[in-house]
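As written, the chain order gives the labels A, B, C and D, with residue 1 at the start of each chain.
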Amino acid sequence: MREQAYRDPVHGFILVNADYLRQLIDTPEFQRLRRIRQLGVSYGTYHGAEHSRFGHSLGTLWIMQQMLDRLEHAGFSIAADVRITALCAALLHDVGHGPFSHALENLLTQDKTHEAWSQAIITGETEINKVLRQVDESLPQQIADVLGGSYAGPAFVAELVSSQLDADRMDYLLRDSLYTGVTYGHFDLHRLINTLQLVDQHVVIQAKGVVAVEEYVLARYFMYWQVYFHKAIRSHELLLRAAWRRAVRLWQEGGLSAQHVTPGLVPVLSGSCSDVGQYLLVDDYDVYSSLKQWRYHPDPILADLADRFLARRLLKPIFKAPHTSDVAAQLEQARTLVQNSGWDPDYYLQVDHTRNLAYDTYTEEAGARRVPTIRAVTDAGRPVEVTKLSEPIRAVAQRPREAVNVYVPQEVVAQVRALFTAD
Amino acid sequence: MREQAYRDPVHGFILVNADYLRQLIDTPEFQRLRRIRQLGVSYGTYHGAEHSRFGHSLGTLWIMQQMLDRLEHAGFSIAADVRITALCAALLHDVGHGPFSHALENLLTQDKTHEAWSQAIITGETEINKVLRQVDESLPQQIADVLGGSYAGPAFVAELVSSQLDADRMDYLLRDSLYTGVTYGHFDLHRLINTLQLVDQHVVIQAKGVVAVEEYVLARYFMYWQVYFHKAIRSHELLLRAAWRRAVRLWQEGGLSAQHVTPGLVPVLSGSCSDVGQYLLVDDYDVYSSLKQWRYHPDPILADLADRFLARRLLKPIFKAPHTSDVAAQLEQARTLVQNSGWDPDYYLQVDHTRNLAYDTYTEEAGARRVPTIRAVTDAGRPVEVTKLSEPIRAVAQRPREAVNVYVPQEVVAQVRALFTAD
Amino acid sequence: MREQAYRDPVHGFILVNADYLRQLIDTPEFQRLRRIRQLGVSYGTYHGAEHSRFGHSLGTLWIMQQMLDRLEHAGFSIAADVRITALCAALLHDVGHGPFSHALENLLTQDKTHEAWSQAIITGETEINKVLRQVDESLPQQIADVLGGSYAGPAFVAELVSSQLDADRMDYLLRDSLYTGVTYGHFDLHRLINTLQLVDQHVVIQAKGVVAVEEYVLARYFMYWQVYFHKAIRSHELLLRAAWRRAVRLWQEGGLSAQHVTPGLVPVLSGSCSDVGQYLLVDDYDVYSSLKQWRYHPDPILADLADRFLARRLLKPIFKAPHTSDVAAQLEQARTLVQNSGWDPDYYLQVDHTRNLAYDTYTEEAGARRVPTIRAVTDAGRPVEVTKLSEPIRAVAQRPREAVNVYVPQEVVAQVRALFTAD
Amino acid sequence: MREQAYRDPVHGFILVNADYLRQLIDTPEFQRLRRIRQLGVSYGTYHGAEHSRFGHSLGTLWIMQQMLDRLEHAGFSIAADVRITALCAALLHDVGHGPFSHALENLLTQDKTHEAWSQAIITGETEINKVLRQVDESLPQQIADVLGGSYAGPAFVAELVSSQLDADRMDYLLRDSLYTGVTYGHFDLHRLINTLQLVDQHVVIQAKGVVAVEEYVLARYFMYWQVYFHKAIRSHELLLRAAWRRAVRLWQEGGLSAQHVTPGLVPVLSGSCSDVGQYLLVDDYDVYSSLKQWRYHPDPILADLADRFLARRLLKPIFKAPHTSDVAAQLEQARTLVQNSGWDPDYYLQVDHTRNLAYDTYTEEAGARRVPTIRAVTDAGRPVEVTKLSEPIRAVAQRPREAVNVYVPQEVVAQVRALFTAD
């Protein structure tokens, strides 16, 4: 058994000693993650954040390995096939991400989320699928079930892969924090892992670990407001999305054709991308190279949006309100104003509604798929949902931090702001 | 005076408070550096090293600022225009780098180094040039002179920008070390800066700073052998260069045309790129997007090399010798062997000669442009070249660490190795 | 002007360039702080925490310097004498601490807190006083006024020295975090400092700094519960206090005399220490050396307590309740039980009530001296108390985290626990 | 099996899961190491370096554990008793250190080094001995043999405990570097450990590990010259030694008696300390408390030296020469000059000869006990001494960095310097 050591800026070394894991890492589908930036366009604001999904996926695997080792060390036995499923699910959980990760997600292939693509890649005709089937014919489906929330094995597997206390979040908080150069995402990974235990096959934190969980939840809270919802980053993303929407429209109307884009982009742009093979051809490089071309396209809107994106001439945020419905009338006026100033408001007036709960108890709402909550053991030894034990977590869970921002070109910012502050 | 703070993973914060510097950073030519990876293909081996020239250029500016502040604080007066020249030269020293930095450098535009392109961009018709001329009409030429080694102002300016103890090296050692995840590149930046002084307008280290210089020179020594000359990285670069050479040949022979490449690549591929405008259109994204297309090109060599590069199916190193001349006969046999196995040796047998002096006293050779040595003050107060004072630096300066490796496809590695070890 | 650079594990370098500051650092009264541990007996639990008040005091000076520089850089002018007062107050704020800092504080000299001793040392016949008077005759009194809360100068001076957002707390959180080896105390010092401003001479945080304040307040919250109130540390402190109380009693009854203690301890032990000269003779070394002797003292209680302290044979915590009053009856039974088992309950049954608000709005209670709250500017530009803007801070401010623990010898722990859980 | 986790500023967590190891840590003899500073008086110059031998001993254990795990993981089998011996020897290697570690070593008990005391404590009537004998009756002697160089088991045990590449050095370089706040002592611990292997039961580094060894040897080189041989630290040590020598003389002449010292110091001061029980009573606290008393002693020399030590009024270095023999005549004149100025040259003129090889091949000299060299495997697979493979190590091994400094009181420094620079 050969051990492979991957140097990692976050974890120091990531040690991988199973052959099938190394083979998965070497598949073209996994290597493609090197060409998908972890934080989309955030590097435009935090210049260090140029990292890709590749390192994050390795880091998630590494944390999963440590969590499973910890559980076994603490006396919980884990069947060999369950362990393999958990490790593969951690490594592959993001393999379906497309260009710029979340920034373009629902625009590129509207009917399929990145999770759905991950499942499709794992179960479809890919090198990843081949490697997995060499381990066990049923392995691809088991991993897809973990990612899809229907895994029939022990509950802790899906919880460690995707819950409010999972390997994914732990890695991205630490990693994004290092690369952006902020300190907010730090928490005590080692202690957190060392307070994990299983109760009825569910992950539960020991009583002594509650403070470590608090630190972790607050780290997420801080990262959302300092990095993930940073207004300059959102504005940069809005430009990317506007340019993409314009390109799609021109394509439909015949104003854009294969000569203006990289070959890989054609299926997604034309809305005909449905198979895994086509989807896997696309990455950040296609979008970037096409945007570079579009700067010189005859359509003035596409050319301007592409140039704005590349030169980072951002739309400016001018307003924040708790709810869009409160400002419907003003928004209508603003659209007219932007239009009259010569800008197409479909592209140059953007309403951005950000909303996040750093921790969600799901007590109030229903409908959307619920991400498992965090449970901890009381001093009396009973597992309870963690807000029962922690005031700071209760605080950030109480109600979402929410903002609505309106973005318009610098030239009309003063006039539009006046509309919203008139009364 | 508004101060801009750039969060940086290496330096924490980079503070920029001059308007002209912020304007330079915002030019499209400088923003383009975000699309040029600092370490070419090294991310393939050290997955964290996905950083671009953009952050390194900001870091170099920041170190220059601190060095100038230190000198002024220590009582050396620096004229305002000299300070501006030094800061701009630090910020812009790499603005002429092309795709993948050094990995493709002499292939893309054979007659022009990245330094020459930097000078051309600074003095040519660019946004950078405009910003500089608003400060002072002569500023572009002064900066170009600093980069070209002909600056008429005080000697320390060119030394701080480009010598064996300059802001450039200080930043890249720390930065590459952080992103690769190795520890080798660390040294005590603060102490090093705080022992700088001027003697007759030349940079000289105080006697008490010699150990800090030793640490810095050794850091460079370690980085060369652990990162910059890593055999897997070299092999990956050789594939890139081979693919590029094949593409150029096909272009010349008519086997490759504009439809197979991004528009930006056409001038460089056809060898007609001579103006700054054309050159600035090209970045990593063009090369990458074109390689992705070439995987499906009818020419089997181009298609195979592109696919090998993207999937990281590397040629394997099989030999190292101190000098190529010693193995000329065996190399000839190896070429025949590779050819007979069905591989074109022009692309599939690569001889790689690496050679570096972590510190160069230039005592033995002549001819090439000499990079200024490091000088320090003796206890008696006399400035001398630093190997006079330090045994470790003398050791790494004594003779170059040098290796010759031959790379061939995995399939023939055993046979080729046998040729070299026969006798 | 000579600059002195002190290497510091927390801040890298602490640069001191005023002569009077260097002279203050070199006084015997300030050097004595090297012999007072910052965290009392915490090193018994977190073995790395062996640091003294000396480094913390330098660190507090350094943060004060950076805060004042920031304010001036942001356009707020600070008079030279105000700056001097602020720097000296930061450097000297802990100079009155006695052996083991807080652990013995109210036992050694019951009528005087360490703050009162700091003022007495600054205004009394000391080297510190001499250095200060050479700068300005009124300086000692001004500094004492800052520490005592009666400074007539601008309000921000006292706020930066002693408030809920002061240089003292900022340094100790970072420093204690580093030395204990936990991660909890980290926050973004640089950003916090860079969002300071003055409104009507009061310190107010800019709106964009609220998240940095949240991180800082939460860091304090975490440090209290993971380090400062750690039960093993509290138990170790209780042993020290018990041994001291026993020694005082024996001294009063004639069972302990000058031959059993270091000369410096005599005045404090006999309760006659009232002057600065006597007080300054005492430090951790006197207490430690005396405890080492007491292990062999004929009084079995003193000998046992001293030996327990040195060998870390701790009393065990067996209970926690929100309020002492709730368990008065059981406590009485426990005393009897401990007594009947052969232990004097005055020393071997300890009730420890810990209570902390990581942030205190002082809305509910009155009486005790209030530590200034943190104020920040709203988006509308109005300064408000920070819980108005932040849910996480509101959460930790809402009600104190409070615990009552009872400590008894290991031998009776089971029996005593039964008393409290009977019903 | 319960696992104990010790938080450590250097290693994050030190995990100890064998009962006998935890019991050893809890013995009074091991706990006493908390009262012996790791770097003697160095905290006077690097204020952060207040750490004790306790943390270093835990750290050495931790590195040993990781090295043994690595060897087993790499396929080398280690017998259970050999493993236990190695772990205990690592943990206990410094248990015989006396006050201020090396600074007073050969003065306190002139016939016994700290290594000899360690062996005596391990094999004598101590708690440590009891714990060890419960594991195996022969264990104490085996550990003493390892420390004494006569262990009959496999060679690698003594090499990992005490050689030029041992757990001791690895821990102290990292630890001293962190606490002093310098960067010099860093090296890549993880990589170094991961390139260990055994050849004929000897420790040998893999070829790919040579650069990591270079980094480690250079780290030691830098630490010697920036920290361990720092002139202010040496001067502070010389004061301590002078005060001690004066106290011994006064004791012999009847000028000092038990009332002037802590009880523990009496045996060592009177030269009658020969048993382990007496020796273990002494630690830094005795020396410090006694020095505090001696400030007020009637002997002016003792009082002055004690006060100088505590207030850090250091003797000043005025000269450095490669060899003492070269300056014999001038030294004689200097003695007279110091004497005529009213200072007793036995205490106020100190000649300090520092000499270190960061790595020693022992090729030139003989006699002294040789510390095993470092061996590495060549590309051809043959183990050779490491200077055969590395120029930087050869450089620092070539000849010792050596200095002779003369220290005298500030008042005569100019006159004495003139003597040495006359010709």
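Odds and ends about this structure:
We take it that contacts are C-beta pairs under 8 Å (C-beta built on N, C-alpha and C of every residue); 3 or more make two chains touch, one makes a residue touch a chain.
Model, not experiment: these values are computed from the prediction.
Greatest centre-to-centre distance from subunit A is found for D, with centres as Cα means. Pairs B-D and A-D differ in how many C-beta pairs touch across them, and the larger number is found at B-D.
The centroid of the Cα atoms in subunit A and the matching centroid in subunit D are 51 Å apart.
If you average the Cα atoms of subunit A and of subunit B, the two centres end up 33 Å apart. Chain geometry summary: the mean Cα position of subunit B and that of subunit D are 43 Å apart. Of all residues in subunit D, those that touch two or more other chains are 12-13, 182. Those residues of subunit A lying in contact with subunit C across their complex are 182-184, 186-188, 211, 214-215, 218, 221-222, 225-226, 320, 379, 391-392, 394-396, 398-399, 401.
Across the complex, subunit B is touched by residues 6-9, 12-13, 26, 28, 31, 34-35, 43-44, 46-48, 50-52, 54-55, 58, 178-182, 259, 262-264, 281, 285-286, 288-289, 292-293, 310-312 of subunit A.
Residue ranges on subunit A touching subunit D, taken from their complex, read 3, 5, 12-13, 73, 190, 194.
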